[in-house]
Amino acid sequence: MIALLIRDLRLAMRAGGGFGLGLAFFLIVTVLVPFGVGPEGTLLARVAPGVLWLGALLACLLSLDRIFALDHEDGSLDLLATAPVPLEGVVAVKACAHWLTTGLPLTLAAPALGLLLNLPGPGYGWLTLSLAAGTPALSVIGAFGAALTVGLKRGGLLLSLLVLPLYVPTLIFGAEVARRGAEGLATATPFLLLAGISAGTLALLPFAAAAAIRINLR
Amino acid sequence: MIALLIRDLRLAMRAGGGFGLGLAFFLIVTVLVPFGVGPEGTLLARVAPGVLWLGALLACLLSLDRIFALDHEDGSLDLLATAPVPLEGVVAVKACAHWLTTGLPLTLAAPALGLLLNLPGPGYGWLTLSLAAGTPALSVIGAFGAALTVGLKRGGLLLSLLVLPLYVPTLIFGAEVARRGAEGLATATPFLLLAGISAGTLALLPFAAAAAIRINLR
Amino acid sequence: MSIWEYANPKRFMQTSGHVLPWVSGLAVLSLATGLVWGFFFTPEDYKQGSTVKIIYLHVPAAMLAINIWAMMLVTSLVWLIRRHHVSALAAKAAAPIGLTMTLIALFTGAIWGQPMWGTWWAWDPRLTAFLILFLFYLGYLALWEAIDNPDTAADLTAVLCLVGSVFAVLSRYAVNFWNQGLHQGATLSLDKEENIADVFYIPLLISIAGFVLGFVALLLLRTRTEIRARRLKALQARERMA
Amino acid sequence: MLTARDLAVQRGGLPVLAGLSITLPPGQALVLTGPNGIGKTTLLRTVAGLQPPLHGSVTLPPEGAAYAGHADGAKATLTVAENLGFWARIYGTATIEPALEAMDLRALRDRPAQSLSAGQRRRLGLARLFVTGRRLWLLDEPTVSLDAASVARFAAAIRAHLAEGGAALLASHVDLGLDRIATLDLARFRAAPSAPAPGGFDEAFA
Amino acid sequence: MLTARDLAVQRGGLPVLAGLSITLPPGQALVLTGPNGIGKTTLLRTVAGLQPPLHGSVTLPPEGAAYAGHADGAKATLTVAENLGFWARIYGTATIEPALEAMDLRALRDRPAQSLSAGQRRRLGLARLFVTGRRLWLLDEPTVSLDAASVARFAAAIRAHLAEGGAALLASHVDLGLDRIATLDLARFRAAPSAPAPGGFDEAFA
Amino acid sequence: MVELGKYAGVVLAAYGVSLLLLAGLVGLTLWQGARTRRALDAQERRMAQDG
């Protein structure tokens, strides 16, 4: 299992593996927002928490198809399915590798990007906290979506379509935490709900994802 | 050449080809925005033109890697490069097919989504017009980016990183037209500039893209 | 003798080996002079207080950031047209320096903006254009990293640099159109009337010279490293084949 | 080691082969032959447990089988040694040296898989078998793209595997030069399309 | 029809083959042989014009050559007939029937390419050659995954092509059963690695 | 020591960040240079020995 984690991280680091690209995408989306909605500081400050959460979500989304699709194309997934490791574990490890290479860097970079969007002072801590609590859920839900679409050539867009609705609760609570934090309101309730979503998906979705992969390999 | 256009359109229509997915992605992003930034009508109305343009741009972006990557993987690109058609033409036709399956539907659907975001009355016409004038540039620039990354496994995120900065002028002028239109201001200058960018990229970038493909096939 | 002789790798290694110590020495000297002079021995501005001292970092870094991209454009063109490998490798070597310069300009600007404009960041056209330049550097470097075959990478990044330059200029105009700015106009115009006072001007010039020389020294060093790396790769491949 | 009883396999919802029984004792190999599209790949995937049989049952050794399909499962950006090392760790095998040795990959060990030629990559795919430690091998056209020397080397490796009490089920169109080997022509087991019963909607669902 | 003079080809920046000269008159076929990794694929791609030669020149017939590589270029969601029809229109050929006939694809014409077996997909890839109308064929291991009957059918197709004044350059590890055919062993042309000169930075750049 | 007035923090931060970035770049360049040089020398020696 650790071998798999190491392999996935190593693949992410190698040329073309895409480590850091999610981050760059996040940066670019944040930069593009003012071009779209105009440069006024107050307007940007109001949309900042939401935009940052959306940007993080999209950056996650774009890297999802790496989770299983590549392994399916080159046949590794067949081989992993016949290897002496439980497929549920494979899913969990791959979601974890995805989080380490995408969610974690996003969380760490978010405050710097908050600066670009005039995020109000108290918002920084809450933004980081909410992302730290929410991105694991994004990775696991994404892994489930990737498992559903693994057999399809360029399932990328379909994957987005399947996964985005599943992301809605995470996004709502996450953005709510960040927004309330930025405005200095109480954040306990949405934060607990967010953490609950993360914990729940982490515990259950690997099983669903493994089942989906088994069906797709047939 | 027409055969190629027909094939690409047919592939897009077939199962897993992704026609309509760009549209669905656009829809979902637009729907997610109120969750992210909060539901106030005036705020949404102010950001609506920008958000719609950004959504269209991202939806385009996500479907870009289909332009050449699939053809490269299954060897068709090698075969097309040795076929009696100029590679520049292949690029132009493929960008055109991409526009027909992504940019055009987005343009047509944008007014409906504008409703969801409280877009003010005069904005609808200008939004559609600006998208109609701008999305061809998005497709061609995207085809260039796709040509640069065609040899790379899952170049998707790298592609975004390369293409998004190139999208900046188009986005700025496009969103400016839509925003000014929504506020009832003069739109002639940015609209002309937008059209100029489209015309210029259409005329020149296929050559750069064809050169990039030749290099990548080596 | 043609200038292209220096584009021959062997010749380049010899010449740059001779030149390098001098350039590095001069760079350190002028950089130290400019910065020390600027930091310790210039008066405060009546309006900006001691923050003017940031100019000795900000302006040279900003100038270099733009001009390094221009240099990469030229070397990319040379590579595409005349296929001199040193030229392509020089572009590759320059990019991280340009990236660092962009970062320095952005950081010092942001830090400067806090007391002057009351905000770390504003969507001023000049600042925005710089952020876009930063993205171009990122994309360019990412493309180099992503491609395995060195010649393919050189070709593709050169094409990207060409197309990117056109779009960078376009973006500059677009950004200008989009938002009016807060940022200073040109201070170093030829028109003496508009220039800042000599007390600031001379150390600024020295520090610009220091930055430029430092860039040349780093560029030579990095290009030499790139050439060595290429040779190493070739030798390793040859050993495997044997 | 492997027994399949009255097996029927499907592909794309259609029965492909039916009424197939296989017994493979340790030390033996069985070559599946038959024209293109008869169902060799489908059968092997069913035996490997990647898809459920339509009918009948498959019994594998308790630890399972090692499967090698049309695709090699090599990661383009990892080197040969890294690729093999990953599978070795997954299967809990200590060293990759015997595998490198068996498929003559020593010289290529530090080359990224993407820079291998078609045959070299195939050798990497086959070398994976040696780090699985499994006794039953299921091989789908293992010698595709291999040159004569590599085919011979691979045949020798199989012979050694059989001699150690292993077993192999292979699909192949070419002669491997293995002597005293059983062959099973699948053409005899092609599933007969039954005439549709009027109104018999049940049959549409295999 | 094809002449290559003093050709040297490279892969990954390294010379692979050197000093190769080929003359292929109409009506003749030349089989390239050699162990895995000698450079057959690289040579064929260079001749096809997909990569520039390191040295020397290649002369093709004015209309170019038809290349078929390791990958088939078949679109998974298009049917066999649609796949072939596309290439027929690209090459300006009126009908795909002869091609379907030649590779025995009649029965499969309305099947999407993704539901084909490995050998059937290969037949589709080879059928493409017949709609190109090109006289020079460049084939990289054309018979991979094919069963014996299909190999014989393909050999017959090549013989017919040669009889009509066509020519073919093939890389193959297996005997196609074509008689009176020239073979070129590439092992003789392996590019010799020269010892590195100290400080010779020029050599690093091919 | 120079008198930086109320902006001392700002100016020092600007100089600090910039010099840090510059030092990082120079350090990286020197390190990469030394590493490649060492690797190349070792390779050349090995290949010279082998013939």
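As written, the chain order gives the labels A, B, C, D, E and F, with residue 1 at the start of each chain.
Everything that follows uses one rule, which is that a residue touches a chain if its C-beta (ideal position, glycine included) is under 8 Å from a C-beta of that chain, and two chains touch if they have at least 3 such contacts.
Quick caveat, the model's predicted, so the values are computed rather than measured.
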Intersection of the contact lists for subunit E and subunit F: C
Type of subunit D:subunit E copy interface by residue overlap (half), same or different: same
C-E compared against B-C, more contacting pairs: B-C
Chain of greatest Cα-centre distance to subunit E: F
Subunit B-subunit E separation of Cα centroids, rounded to whole Å: 37
CA centroid of subunit B to CA centroid of subunit D, Å: 44
Distance from subunit F to subunit B - Cα centre to Cα centre, in angstrom: 42
Per-residue multi-chain contacts in subunit A, two or more chains: 15-16, 21, 24, 28, 35, 153
For subunit C, residues contacting two or more additional chains: 132, 135, 138-139, 142, 146-149, 178, 228, 231, 235, 238-239
Two or more partner chains touched - positions in subunit F: 44, 47
Complex interface listing, subunit C residues touching subunit F: 35, 39-40, 44, 49-51, 53-54, 57-58, 61, 96-97, 100, 103-104, 107-108, 111-112, 114-115, 214, 218, 221-222, 224-225, 228-229, 231-232, 235-236, 238-239
Subunit A partner contacts - residues on subunit B that touch it in the complex: 16, 18, 21-22, 24-25, 28-29, 32-33, 35-38, 43, 46-47, 49-51, 53-54, 57-58, 62-63, 65-66, 69-70, 152-158, 160-161, 164-165, 167-168, 171-172, 175, 179
Interfacial residue positions of subunit D with respect to subunit E in the complex: 11-12, 34-37, 41, 70, 115-120, 122-123, 141, 144-150, 173-174
Residues of subunit F touching subunit C in the complex: 2-8, 10-11, 13-15, 17-18, 21-22, 24-26, 28-30, 32-33, 36-37, 39-40, 43-44, 46-47, 50
Touching residues (chain side subunit E, partner subunit C) in the complex: 12-14, 191, 193, 196, 199-206
